[in-house]
Amino acid sequence: MLAKYVARRFLASLIVVLGVTAITLALMKTTSGSYVPGIDLNPALRPEDIARLRTQLGLDEPPQVWYATWLWNVIHGDFGRSMIDGSRVTDHIFERLPNTLELTATAIVIGVLVAVPLGVIGALRRGSKADHGLTVVSVAGFAVPQFWMGLMLILIFSVTLEQHGLPWLPSSGAFSAFQGGDLLDRVQHLILPATVLSFFYTSTWSRFIRSSMLEVLSQDYIRTARAKGMSERRVVYLHGLRNALIPLITLIGLELPGLVSGGLVVEVVFGWPGIGKLAFERALQYDYTTVMGVTFFATLLVIAGNLLADLLYGVLDPRIRYG
Amino acid sequence: MSRDEDAGDSGFERFEHFLEQWSRRDFLKRTGGAAAYVAFLAGGVEFLEACAGGGGTQSATPKKGGHVVEGNITDIRTLNSMLSSDTASNQVIGLMFDGLLNQKKNGDLIGAIAQDVPKPSSDGLTYTFKLRDNLKWSDGQAITADDVKFTYALAYDPQYKDFASPRRGDLSKYIASIDTPDPKTVVVKTTQVYAPFLASHGLYGILPKHVLGNLDGKALNSAEFNSGPTVVNGPFKFKSWDKGQQVTLERNDSYWGGAPYLDQWIVKVLPDSVALTNQLKTGELDIGPVDPGQFDNLKTTESVTTTEFPVPTFTFYAYNLNPDTKAGKLFGDKAVRQALLFALNRKQIVDAVFFGHGKVANSVEPPTSWAYKDKPKILYTFDKAKAESLLDGAGWAKGADGIRAKGGLKLKFDMITNAGNKQRESMLQVMQQSWKDIGVEATPSLIQFPQLVSQIVNIRTFDVFLVGFNWSNDPDEAPLYHSRNAVPGGFNGADFKNDQVDSILDQALGTLDKAKRKQLYEQFQDIMSEEVPSPVVLFNTGIYGWNKRVQGTDFGSFNQFGNRPWAHTVWVTDGK
Amino acid sequence: MPEAATAKHLTMAWTANDPLLTVSDLKVWFPVASGVMQRTVGHVHAVDGVDLEIRAGETLGLVGESGCGKSTLGRAAIRLLKPTGGTVHFKGEDITSIRGEHLRALRREMAMIFQDPYASLDPRQTVGDIIGEPIDVHGLAKGKERQDRIRELLRVVGMNPRFADRYPHEFSGGQRQRIGIARALAVEPTFIVCDEPISALDVSIQAQIINLLENLQSKFKLTYLFIAHDLSVVKHISNRVAVMYLGKIMEVAPGQQLYRRPRHPYTGSLLSAIPIPDPKVELQRKRLILQGDVASPVNPPSGCRFRTRCPRAASYLKGDFVLRSGRRSNRYFDKFLFETDPALLKRIGAELARLVPAETQRLAAPELGAVLLGGAVSLETGLPLVLVRKEPKGYGTAKQLEGRFHAGERVTVIEDVVTTGGDSLRSIEALRAAELDVIHLVVVLDRGEGGEENIREARIPYSPLFRIQDLPLD
Amino acid sequence: MTQPLLEVSDLHTVFSTKEGMVKAVDGVSFELHAGETLGIVGESGCGKSVTALSIMRLQRPGRIVGGKVMFKGQDLTRVSEYEMREVRGKEIAMIFQDPMTSLNPVYRVGWQVGEPTRLHGGWDAKKALSSAVTMLARVGIPSAAARAKDYPHQFSGGMRQRAMIAMGLTTTPEVLIADEPTTALDVTIQAQILDLLRDVNREFGTATILITHNLGVVAGMCQRLIVMYAGKIVEAGPTTDVFANPKHPYTWSLLRSIPRLDAERHEPLKPIEGLPPNLVDLPAGCSFHPRCVFKVDRCSRDTPALLQVGDTQRSACWVTQSGTELKGA
């Protein structure tokens, strides 16, 4: 039953993947003009060079032909090569993926660990100072742009601290350039970007948990639980929280595409060598193949994320069954 | 002069472009930038001069060991010298691969694996390179003339036509044959006399035939070697490449110039110039290019030394001279072109937009060029009255709306540049204001970089565009100004066609007589100062900063990114 | 009430003596979609073959538990829903699939009052707008005339005409229901479907609305289909009551008769379940408590829909075995099986004929006896058996075997449900004593009670299955 | 009379709303004796549910502002929250109107039914579950051991209400408060549940407070009856007496306004005119007087107390207290 469900979802997803990649290509095509990726204002380049490159890259074909070719190759497992550097798109993706996973997973874990207690406190002490404080933090999380917060953290924790001779945190990259890469070093590099990213998650999710918790606490079964004579703590955490968490799963599932895009700003600001940064840079360089590859991959992740959320939903909420 | 340098500007642009999408610089400009500007006006010039002297080696005794971390703000694309066309890649490749020749910071060519810069044969068609003795690849194999021939064959031999070298166009045009009479001699025959040949094509890193020789063109495109060269001939060997983050290199003990002092040279990719500057301050970086906007940020840091030097880069705007366009009808009038340049306060642009890091341009040749003429026929110092009288004299009279017109044609046009480049955006604003003052209505508009490129090389419906251009050491400027490059795909987007200029440029390329060339190019600069089809606003400068523990660097106009004949003599005082 | 021209068009062949509304074999199925592609995997058989007549001027009550399809039936009857199958005739005209202007004209003849007076009124409209909307839609009045109509309607439902400018939230539930009724009356309909009009109201208010509806009916000669789950209310207001269960009508009867003599076990159970607000009565009532829950309308039980909960079906075979006679009184059965469905009788007869050996000369049926004997001759004529109802007189003795048998006749014994087989053995014994040759036994077996073993002991060939699949026995 | 099991005296519970203070329970007093079933009848908003919740001290966000709830010698309105928890679910159990939402959707039924014994008896999970299964079987859940592993959504409405009852009974409480236990159920299921409650009362001897708006349900279930209107008790007495001879006009009118299934003839109903009162803005005097067909002048001035009227009943009505019989016009 489940396998069938997954399979059906997968088929439906294919349509989504096709749509998204086609739109991506169309967007790039309409904004790129006659620009040839990798071509810069370079006096050594002559018109015939550009023409040759266009042909080599297949850019003189109509977009639909290019797309069909690309799709055909993808179906055969070939995502093609970057138009900028000629290396395999899949290599690019899989080289960057661990970094992105490291950052996003950390941020999500921190986000959940912080957001859940905050949201519960906000719901239980609705209208209190703590609740108002939480609201302010949440609004800040929405309002403060990630890049700004990132820069501020860099300014404070890298530059200023260092200037005062205090212990400071590295501001870019996933590990130290020289003799870096051990666990402690990586963790040090992870702190700032993960903080920014998880702050964003926390502010969204804590708010969400709060309202979800409030709704759950007004449910009849909570009254039933109280009528059984259990402590408020037990009521909240045993009977309330699990129900309140169910919708959060969807939200987190929807963040999975953040593996590619959600952390983009953070990746760019902190020079984190992840997929988001790759996609962003390559999009600006009109590296069609890489962008299409990443898009394809990202779309798959979105779908996988949704599916995973649905399945998790089923684990947490016995009312959901797949058929 | 090296042609593999010439994509440098665009790398820089890229960084500007993508970075500024996030308008973080906007923010910085508003906060730090404004303060820095004020500080600069209050006496930055003196400071600038005080800083500019650095760059020489110290007299202390070099020590072996240690490492440097060099920063860059553009990602590295490839490590194959014959595939690379961008600064960031060339910078790393240059540390691993030597070419036949190398370049001093003033642009003079010197021998690298070739003993010397060869004298061309009397007919100007043959160059005979003698390789040094005891040249060895890092795996112990001898470097021979076959390696050189193999490397160049990749870009001119039809056998390798599938190999996506950006140099194929030029090399296949100019190279007639390469012979290797003995393992230490390379004889290159060119198809025609081509003056920039050595400067443009003599510096490519030589690739090991014994590693790559059995691959065909297609396979070479995707060889593992391109992202992890196993064998090198330069001062540093490849160790690892963490994509998107850094390339780690280590000492090549068998380097012909002597083993480098440093154990490791790491090139790290940073998000932007702000991060780069910050890391220079924190010591996470040892070396890195400094953005003019960040210069003041760095000057308070005691541990960092900077040097500033002219670079073969300029920023120019171009008029659309195509007589079939409306703009062409305006700009076809030389008086208009000249008047507009007179009306532009370029000193103000250099100071306000580039924080003083740049030089008002008098010529179309960059000052780094040996053919540079500082005072060509017409000097366009800011002179509003002159501009107005020129226009008045040409019959462009101010209308009721304050805009000049002639024969029903209003002196009114659009200006484009790439969105996201704050410096250029500001420049357009200054231009708009300056020209408004003389009764010309110029409207700035911003488009995406690829569209700007398309406008310049293909579409050409613009009125005026503003962009930067990066040159090699050779004074040839045919790409921008020769009429044959006015065809679609060429860079002569202004559609400048001048028979005299064409003839001078052709002659200058066709002779190896440097004195004659210099004289021709001076003539060229005079004509251009009169014609001003696409006036150069300013010559940019480069700034490099490094931690004081780093010794033995010698950054300059042509040793900025790629060519660093001194790389193996860099050392660190603390040995770390 | 004045008749519009369009309404006259609808009344051509119909005379006031005919049923106002006739529903025949009406089916309304809703697709059950599943999965991402929302493929239809089944249907909710909300209404599954209903025959009903509503006479002009009467109130037909429709009761049933939640989910039985009564609201759907109500909506389909006035074409707010398109039926999946069957026909609806209104004033003699087939309105099952009319559309467009025709349907719009019909809308003037019919109206609906909804259950939830909170949800069915647009909170942003004034009361006047709400009532005025159908007037506008049908272009019945304009300007001052329209205002007068609205005020008149409010007065008719017992509200202050000045309330026309107020908003629904300013009113209590009962008042809102009055507004809803006024809106329904605005088109001057002849037929109104009242869908649970009082169940959302406070107890003390319900009577107000019931009385209002009754008054309006006599005043405007309205015909009601009154849908509710509360049988007391339905019985009070209705002339006749239809009892619905799982998409089918179980029984239709005048309210009083339904209460006194329910003909269907479900009706009986329903009546028994409804508490009577009188402790004296209540404490002495015999309760007939149904077990279990209503089956799923997606996959309704074969045979009688009610069989899964029927106290009388409890001892019978599950699944396909549907034919049964009463060990106890089975009037409901008689009525519904033998009087209302001759087609079914034919099928049963045909099935019997197939199972009975050709050499049988007569049929004997100790249990079905009363039912079967009259038609038992059919084998000789080769015609299907025609079953004639006769009251059974007792249990399990040969005394029941009426009719004239001759010694030596070859007889097949038919018995409806065999539990232990004891009755059958006794019957056979008696028949043999009468020197009849019992050559075959046709039995419907009850599972697991050992009946089959006992029958085997009689050493007579038997057909153990009386298999009539999926008989629509309700 | 024996000592009552539960004695509510002069209970006041208020809610703050935007429109003002609502006296949801306004001076309610009654007794519950061991083993009896007491009905509390009234329309929505009359305060019957809040009364029940106040006994359990689950009336939040309302506040108990006066009165006592004496249970086993202690005043439940004053005991600590900790002590109250020991009463809830252990000595007084409560079941609610909507069985669809009263069970936690994410836990198995058996787990939830066994929870009170884990909480109060300190039983381990296994023991609690086996007691839950026993109790589920006891309340008529077929194959209880298997069904205990089901989640609430796999139960029908009737089964959920059975499970709720089972949950209340696991700790063998002395009082069971059933707040509209059948309102959300179909009549045939209602009959099942009422039957079950009768059984429970008989077998466990659990005193039951049955809150409902359905007079028929009370008639068949309760020995004694309380009628509430606008936060107050307007009439109380043995069920048979109240039905036979109501001593408050509200009760009297209510009984005449509802159709009876066993009515022999079609007689027009006699509705109570007017609307139920707004609790924020109650009429002066007797809250029922604007709708009352028997009202006298005094009714709109003074609020009547709940006093003995006749042998067995108490009523809060100036008319009946003055000896007037209620007779229909």
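Letters A, B, C and D mark the chains in the order given here, with residues in each chain numbered from 1 onward.
In the analysis below, a contact is a pair of C-beta atoms (placed from the backbone, for glycine too) under 8 Å apart; a residue touches a chain by one contact, two chains touch by 3 or more.
These numbers come from a predicted model, not from an experiment.
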| item | value |
| --- | --- |
| Pair joined by more contacting C-beta pairs (A-B or A-D) | A-B |
| Nearest-to-centre chain - CA centroid comparison | A |
| Whole-Å gap between the CA centroids of chain B and chain D | 89 |
| Length of the line joining the C-alpha centres of chain A and chain B, rounded to whole Å | 37 |
| Rounded Å distance, chain A centre to chain D centre (Cα mean) | 53 |
| Euclidean distance of C-alpha centroids - chain B vs chain C, Å | 91 |
| Chain B: positions in contact with at least two other chains | none |
| Interfacial residue positions of chain A with respect to chain D in the complex | 219-221, 223-231, 234, 239, 242-243, 246, 316-319 |
| In the complex with chain C, residue positions of chain D that touch it | 43-44, 156-159, 186-192, 194-195, 213-220, 239-240, 243-244, 253-255, 257-264, 266, 268-273, 275-276, 291 |
| Complex interface listing, chain A residues touching chain B | 31-35, 38-53, 56, 81, 84-88, 92, 95-96, 99, 147-148, 151, 154, 158-159, 162-163, 168, 170-178, 265, 268-271, 273-274, 277-278, 280-281, 284-286 |
| List of chain C residues in touch with chain D within their complex | 65-66, 172, 174-175, 202-208, 210-211, 214, 229-233, 235-237, 256, 259, 269-283, 285, 287, 289-291, 293-294 |
| Residue ranges of chain D in contact with chain A within the complex | 56, 58, 84-90, 93-94, 96, 98, 101-108, 115-116, 119-120, 151, 153, 164, 167 |
